[in-house]
Amino acid sequence: MLAYVIRRLLLMIPTFLGILIINFVVLRLQGPTLVEQMQVSGGMGEGATAGGGDRKVQGAAKDVENYLDRFRRAGNDLPAIINLRGFHDAGDYAGWLRDTIANGRHKDTPSKRNRLEKELWLAGPQAVVPLVAVLADKANVDIHILAAQALTYCAYITLNPRDLSGMPSAELQRIQQRNETLRNNRILHLNTREAGVTVVDPKAAEKRAVLLALFAEPQTQAEYAARAGGALSAMVFNTGFVDFMVKLATLDLYSESRKEYVFTVIADRWSITFWLNTIAILIAWAVSIPLGIHSARRIGTLEDRITTTGLFLAWSMPAMFLGTLLLYHFCTDTAASKAWFPNRGLSSDGAPWMPTGAYLLDLLWHAFLPLMVLSYASFTALSRYMRANLLEQLDADYVRTARAKGCSDDTVVYGHASRNSLITMITLGSGLLAELFSGALIVELIFSIPGLGWLMLEAAVERDAPLLMGSTVISVSLLLVGILIADLLYAVADPRIRSRYV
Amino acid sequence: MTEPLLQFDDLHVTFALRERKVDAVKGVSFTVNAGEVVALVGESGSGKSVSAMSCLRLLQEPPATYPSGKILWKGENILQMKAERLRKLRGGEIGMIFQEPMTALNPTWTCGAQVAEALELHTTLDAAGRKARVIELFNQVGIPQPQTRYDQYPHELSGGMRQRICISIALACDPQLLIADEPTTALDVTIQAQILDLIKRMQRERGMAVLFITHDLGVVAEIADRVVLMRHGQVVEQGPVAEVYANPQHPYTKGLLACRPRLGVKRDRLPTVDDFMASEA
Amino acid sequence: MSEQPEPVPPVQPATLQSPASLAWQRFIARGSSRFGLVVMSVIVALGIYAPFISNELALVWWSKDGLSFPAFTDLFNRRSYEKPHDLFFNVAALLLPPLLVGQWFLRQRIRTGRRIAGMFALIIAVGLMCWTPFIPGKNGWTAIWDHRPFVEQNIQTWRELPPESRPLAVFAPVKHRFDATYPGAVLQSPGTHNPLTGGTYWLGTDAGGHDVLTHLFFGARISLTVGLVATGLAFFIGIIIGAVSGYFGGWIDILLQRMVEIMMCFPTFILILTVVAMLDRDIFIIMIVIGLTGWAGVARLVRGEFLSHSVRDYVVAAEALGLPKWRIMFRHIMPNAIAPLIISATFAIAGSVGAESGLAFVGLGDPTTPSWGVLMEQGRQNIRYPWLIYTPGLAIFIIVMTLNLLGNNLREAIDPKNNR
């Protein structure tokens, strides 16, 4: 038995990994490039207007830093699978910088822009040493401005909320001061809207000198080299996927739009989904098994025909239709009558101050309709399966043997046939678990219940990748746990499985 | 002459299906007396299994109907028995074993429990008594290591073993008639011989009547006292085995007996039943 | 003692019957199958001929300038089709009568299987051609239709003319276009009069001001397209993966089985949600994504069938003859495995329709299409307008129920359990 459990657990690991990979790949499909976002916010180069003065320019520079922070916290600055940045030297960077300014303007093709973005601005500490070399080399006069610009972004260190509380304050101050210096000395391209001419920052040369001085200290270079890590280890470990896995394992995912750690947000909501789904499963099984048996025993009668037709119609009814109908009929106040059921959430406003009994009743009142909608898809399917399966079992040879022994009809149905039906039902039931999670989303949306499904929907709409990843991982884990439990029950019910692993 | 144990009296069985009606048994009459072995022989579709299953009313009643005829068990008409009486009959007075031992047992119950259930239904033994009786039965039917077998599941046993379990279920409550519906067809030849020996032995030891359904004429010769031949739902010939084999009256019987390949007899072509039916019909 | 029974006449079937035709006869014998087929045909017909049922343009316009058929010519006006499936349905509207007539006349000449397969191949070819004008960058096709003049022979101009000079015009029953919004016509209840066209909003209007009844008809196009395309894609992928996995076995099987299990364990709705949120909200992308996430069940089914068949004697015989593997797989084993696939396909189409509506319901649908799910979402947002809930809900319910009914009956017909 234990061997069976361990085997099932081991088989789930590749499944789980596969799901993580799919999730990761899908979420990397996202959104506009950094450069486009920056241009939209007017932060980088081409967008900033000359007339706004220094403060506006500084504000735009801060926006770029915010974007960088978001990207780095989400791990989107790192390449997905392999990180080859450690193998690029000053010459490579010089070449790229030159590519982008052919004819004196940034080339407009998206592919060039993407490379610019990935290799130059998102490269982080790994690009600092080469860029300093480029900046120091007198032969690179034509690209000094760009190199300095890129350097200020690469050398900018992103601070996580956990760093703010965790790091020693001296260290923190030093980093913040350096970020400040970098920001103040960011060389910007200013663009006059009317003339359409790109004017370089008049203080460019000064700023470049300051930057050179800052990075000339071997201590600073060593610090950045340490942050970058060795080229080979960075190749494997400084990648998006590894970063995601580490963040997942240490519960470190951070959601930008909500300014909170992902697992904090989830922790508030997952228990509601969990309990709703569990109770819905229990209701579905408790209703469907007797119903299926009852209708199979009375096959051909009018009662059976009505039940079968009713179950068939209910099975075809989409959950959203039923839910919205119930919401409309029972939960909205019209001029004529007050609603029978509440239409939002799982508790009324005065809930925390109610005595326990009243609180439980209130909870039941709120949860009744959602539970009904959530469970009806499962229980209609399960009833139909149970009925069909029981009819199959009643045709089997061992039932004939049992009857020939003199067993009464009840004994045959309940003692013999049902036990075998349950085996198939458990397998079918575990297949319905995945659907239950999708159904939960719709129910939560209709009845405004703050659960995991709705959280995932919000995260998807907001394109909040960390939150979406985190919540998908949680819901898939719950699903896998459910499937594991179903497999265990299956082993308990079917002796043939047990003896294979004993 | 004593009253026959089981008497088929012009039995008709019709299946009322959705599109059509099928007359499976069209007026079958024969008897089985106490202590004798009667073989019911015929091809697939001749109606022999249907007749046998009708003895215990094991056919599903809505498609199966009995338009006329009776099956009398010690004078009582089985076709009109009430549910309670029928349940006492099944297993208590008549035991039955079937063709497919691989699927005849419930996969989720232990072998011992399945045999014990038969005892629970028809005897007043307590749990310990039932277990003892089951072990005893296992010994009688030749199941080695009965104590271990009691707690094993059917899928852990071979086909021959499973058939022995089925036999012990059928014999658990000392029935007066054993109906065996082609019990050896699905087994290989050596196991077949063992099961046949077992049935013969049980029949002798208990003085049971046996209604043995088969399509194998060799098995009939080995085990039966009397033979009843069926074709297309009707009895074509019946009588003591030696007589029928020596002097077949009906062309069908003649054809069947002539079709058997025989060692030492040289022939170009095996005759078929049709040869006999065409020439003499 | 022996008896002479009367001779039994041998039973000869009148015609030889293939398993497919036997199954079809069992299928069509049931009343509910016939009902289901009729309902399905009605839905398909409504979808295809929607522009003739609800259109502002006249079907026939007979003025002193001559006789014209504005609704027909407008079918190919670029304005009338914004998405590929609209063009396909418009083409189908014209193609369908000749196809059906052709099927009828050729029924003696060509075998049924080939005839039907030929018709489907033609339909698929036309469908693929209809997607070509929409490939970005290729303006050749659209250029032809873009130059057609804007057709002005609609009900509004007709009503504006003084009564004595109105030409003879026959209009469609519902006088609204699916993309037309009338000023002040947002969320009107059923039965409201439309002053501009003189028609009535039989089922009210939605939050965007479109006539709900018209959206009902045009929404059928979307549902049918999503169902067929998504299911087609899922089955294509699933069959290939399942066939390779089941026939070849070994490590290929193990690897592919892990992939199938991953896809089955993933709540696909969440995956669809994620992908659609990351990409555009285009109906085409939704269709493709639903198809790409739904192949796991099919693969498992096909694998089971192929596993059980590939050890049978007829396959061994084919291999002994030296037939190439793909030929064995798809010409010998496949016809045996088709039956459960067809049943599964009907349920898959129902599932795809439900998935697309579900996506639209949670807000990730394509708002530019007259999809039923989008109507339901508006119903949820504006909870006091029940016609926005009932209309699309009943429509989706009917289509899903019909498909489920057909699937059930097919299952019974192919594998009858009632006969003993």
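Order of writing sets the chain letters: A, B and C. Residues in each chain are counted from 1.
The rule is simple: contacts are C-beta pairs under 8 Å (C-beta built on N, C-alpha and C of every residue); 3 or more make two chains touch, one makes a residue touch a chain.
For clarity, every value in this text was computed on a predicted model and none was experimentally measured.
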Response to the item:
Taking mean C-alpha coords per chain and comparing to the overall C-alpha mean, nearest is chain C
Worksheet, complete the sentence: Greatest Cα-centre separation from chain C belongs to chain B
Item to complete: Let me have the rounded angstrom distance from the C-alpha centre of chain A over to the C-alpha centre of chain C, please.
Response: 33
Fill in: Geometric centre distance via CA averages, chain C-chain B, whole Å
56
Practice prompt. For chain A and chain B, let me know how many angstrom lie between their CA-based centres, rounded off.
Written response: 65
Worksheet item: Touching chain B in the complex: which residues of chain A?
Response: 300, 396-398, 400-408, 416, 419-420, 423, 493-496, 499
Item to complete: Would you mind writing out the residues of chain B in touch with chain A in their complex?
Response: 56, 58, 62, 83, 87-92, 95-96, 98, 100, 103-109, 114, 117-118, 121-122, 153, 155-156, 166, 169-170
Worksheet item: Any idea which chain A residues touch chain C in the complex?
Response: 14-15, 18-19, 22-23, 26-27, 29-31, 312-313, 315-318, 320-321, 324-325, 327-328, 332, 334, 391-392, 395, 431, 434-435, 437-438, 441-442, 445-446, 456-457, 460-461, 463, 468, 472, 475-476, 479-480, 483
Item to complete: Going by the contact rule at the top, pick out the chain C residues touching chain A in the complex.
Response: 258-259, 261-262, 264-271, 273-279, 350, 354, 357-358, 361-364, 376, 379-380, 383-384, 386, 389-390, 392-394, 396-397, 400-401, 404-405, 408, 417
